[in-house]
Amino acid sequence: MKKTLLALGLAGLAGTASAQPRVELFGTYDIGVARLAGTERSVIGVSTGGANISRFGFRGTEELGGGLKAGFWMEAGVDADTGSGKASGGLSFNRRSTVSLLGGFGELRLGRDDSATFLNTLIFDPFLTNGVGGTMGFTMLGIPGAANANGGAPIQIGNAVSYFLPPDLGGFYGQAQIARGEQPTNAPNKHQGNYRGLRFGYRNGALHGALSAGKLQGDVGDNDLTAGNAAVSYDFGSVKPMLLWTSEKRGGLRVTALQLGATAPVGPGELRASFGHYDTHGSDADWNKLSVGYGYNLSKRTQVYGTYAYLKNKDGASRAIGVQGLGAPGTTPGGKATGIEFGIRHFF
Amino acid sequence: MKKTLLALGLAGLAGTASAQPRVELFGTYDIGVARLAGTERSVIGVSTGGANISRFGFRGTEELGGGLKAGFWMEAGVDADTGSGKASGGLSFNRRSTVSLLGGFGELRLGRDDSATFLNTLIFDPFLTNGVGGTMGFTMLGIPGAANANGGAPIQIGNAVSYFLPPDLGGFYGQAQIARGEQPTNAPNKHQGNYRGLRFGYRNGALHGALSAGKLQGDVGDNDLTAGNAAVSYDFGSVKPMLLWTSEKRGGLRVTALQLGATAPVGPGELRASFGHYDTHGSDADWNKLSVGYGYNLSKRTQVYGTYAYLKNKDGASRAIGVQGLGAPGTTPGGKATGIEFGIRHFF
Amino acid sequence: MKKTLLALGLAGLAGTASAQPRVELFGTYDIGVARLAGTERSVIGVSTGGANISRFGFRGTEELGGGLKAGFWMEAGVDADTGSGKASGGLSFNRRSTVSLLGGFGELRLGRDDSATFLNTLIFDPFLTNGVGGTMGFTMLGIPGAANANGGAPIQIGNAVSYFLPPDLGGFYGQAQIARGEQPTNAPNKHQGNYRGLRFGYRNGALHGALSAGKLQGDVGDNDLTAGNAAVSYDFGSVKPMLLWTSEKRGGLRVTALQLGATAPVGPGELRASFGHYDTHGSDADWNKLSVGYGYNLSKRTQVYGTYAYLKNKDGASRAIGVQGLGAPGTTPGGKATGIEFGIRHFF
């Protein structure tokens, strides 16, 4: 677009748009200190995203009249312990990059977004998938070199088109999502990277339940990856237990997880705990993980937190505990792993 | 700079600068769905920049007194369908990165900016060079591996010094631009990457005409690239026709383009159409492209749009239709290509 | 974190937080034109950061009650002449990426920050380490391929934990900093990248003095790098002389620098000058550098500046004068080098 025209366009709007800001700058900064240990090795260092993922972004909505709205959302993850982004060290809007039309029909959303099959693992985990305590109930297959493209279920996914049900359905909500691998039709792997996902839930008062299912296509049918989950929570006020079941399958490899978690308001903060059993079907590559933590709110925006996690492998597994910005030191087959982390989380 | 000094400096200004914001956050998000087809192949996917390039940036001006102003402009392109930037996936201010002094003398601008020879192709194209319908009248040479450095005319160019005439010359405007390849004087290719460009125009009432010429030096004189264009438009109110002629030449290779375009206000939107003939001199590697589209304004800031384009090669050419974020599926020599795209564009 | 919860959290705060902005967008844009010359070669081009490093960032503080505050600071360097960042061309918060708790006890700061041993070289240099005139009294060792990791003292350092004394100690200030290389304990180079630094100073009226010392551990003890400096300045009003001594040592290689500098208010700007002697111990790889410059303030935020620097090597040295965004053309052993730069610096 011609920049001088854009500038004029903005100037012309200045008189009418002043009441409603066009763009909000928002983010989270969360940095801590962690010690991760496997059998015969450990690492101490500075970590990030122990309670909430460090990020910044720009977002806004515009009233179009007749109940219609437009919206955009740009959100970049940050390895705040080093200041790096995710794309070869550079920042990108890897967490969300969308434009939307919203109305009585629901929402049409285009771009990069959380995958439909990822969201429940986050919502029904006391640790929001983050830090040493976060659930491992997603991208569980651990296929070497897969990087969520062909061998692991996607967390965020680009080139997506999503439809969301409108918010006023008596507690029911839902989402359908299609993303494209964008292979040409004359390519041997023309379906590779295509993703389809569905997610439905019901939230009313203290009760919240949701389920999702999706498929990420591989280069051949045998490499298709299917993921699904189901979860429920009930907020008793004094404690909010939550149950999460997830499954990932590709070819002959299937891993399922069953995690019981709970959060409870204690003093000016929140106690968090979870226990998960991870089952690699048809093998003894199973593992269990126990996590406990507490987040102490200095304000609505600022929290200091501490988390401890313990993981025990069966003989066929060598899973470790990792954390963003510090990696995982690894462990031995059948070994155990521990993680402890203290940090500061600040919303802006 | 010492950060505590900076903080004090800002605090000291707070009392006087509050009426004028120091920095404006601005941008465009434009995401769509496109189908591109060549002979025997096609691709469907999520695209970006179909109507306007997706971007964000920071900019501002400061009154210095005596009619003098300082300004800065930082603008980063975004592949909004995936959230990525341009530098190995990371964001950079690849579209514009400048600091300026402005006054009665005009504007002195330093940094990275649109090249003088690119701007007219954008201004006199109904599709602003964007999407499936955009003109191909720039970087036409198609030299393999050239990437606008040695074998294609630059779109934006870094390390530039530009002078702009003042805005009050009775409709005349103009720009001179020098950019440096920054090779040391003892290098065999010491002139490589040096660029010089001029641009002049006249805009008064309904009439607008402009021309530009520039040269990008190669490693040897034979590899110098010269680019130029001339264009005119007249706004009749009901329709605004525009004619654009462009030329690029390096060594024995020369490609020229002649495009007739038009925009017309229709309902709450704009109809756009163009027909371009692209001539590779001394060969039959010519091609033609026809584009039609409509942008429906939901507001001054938000538009939904649809565009269709058809391209026909002569026997010596195999040009395809591409779009940002989806690439181009290619076609066969002498083949045809089509593109269709629907999207949402939002200014913020 | 669940995004809808975040949005609600922000909305809930809107009524109380309006008086205090949650985040400030700030930055500097500084672009110029420079000519750098060594023996038998030179380069002319567009440079950046000649007076102050080009950057942008987000920062803010929150009052937590009881004298406690939380703060965050994200700051990205920009090669403004091309718009690029530092991470393979992409932007990252490479200059600072921290979250802090501040109170009567001082400040606890986590993340990436200036190293304790770098800051004095900046504060006690009339040219703030920037441009053709900046001191070379840091990262002096010049170990090939070291890139501040194992062979040069760090400028900024990631994975750091810093403690700062409170600001009300009668002019005394101080900082202790630990950063982690984050090697696992079973690695042969398990200490590599660990950094410890201390910095103390006294500032009262016209007098300012500071010293610092630190160590960056290598893969083996012989590769440990130690850095230290001491500096003093006195502001007579008409002139502010400053003396800076710095040292870097690794294995048998030691380089020290002694620089006398001064700034003086002259007209609506500042005159700057420095002379530095750089001594490579036990060899004749010494060099001297003389710098003079003037910054003319068009406002508190905007400055035009010019700087000239001259460097003379002894027979064993071939140091050159470089500048951000243009590199250094190199010189011959025993040769001289010059640099001249004119630019515009704008704070926002």
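As written, the chain order gives the labels A, B and C, with residue 1 at the start of each chain.
One rule holds for everything that comes next: contacts are C-beta pairs under 8 Å (C-beta built on N, C-alpha and C of every residue); 3 or more make two chains touch, one makes a residue touch a chain.
Everything numeric here is computed off the predicted structure, so don't read it as measured data.
Rotation angle relating chain A to chain B: 120°, from a CA superposition, given to the nearest 5. Comparing the residue numbers each copy contributes, chain B and chain C share less than half of them at their mutual interface. Measuring from the averaged C-alpha position of chain B to that of chain C gives a distance of 36 Å.
For chain C, the set of residues that touch two or more other chains comprises 25, 85, 87-92, 96. Of all residues in chain A, only 25-33, 40-46, 48, 52-53, 56, 78, 80-85, 87-92, 96, 122-123, 128, 130, 298-302, 304, 325-327, 329-330, 343-348 touch chain C in the complex they form. Those residues of chain B that touch chain C in the complex are listed here as 1-3, 6, 9-10, 12-13, 22-23, 25, 58, 60, 62, 64-65, 68, 70-72, 74, 76, 85, 87-101, 110-112, 158-161, 179-180, 182-186.
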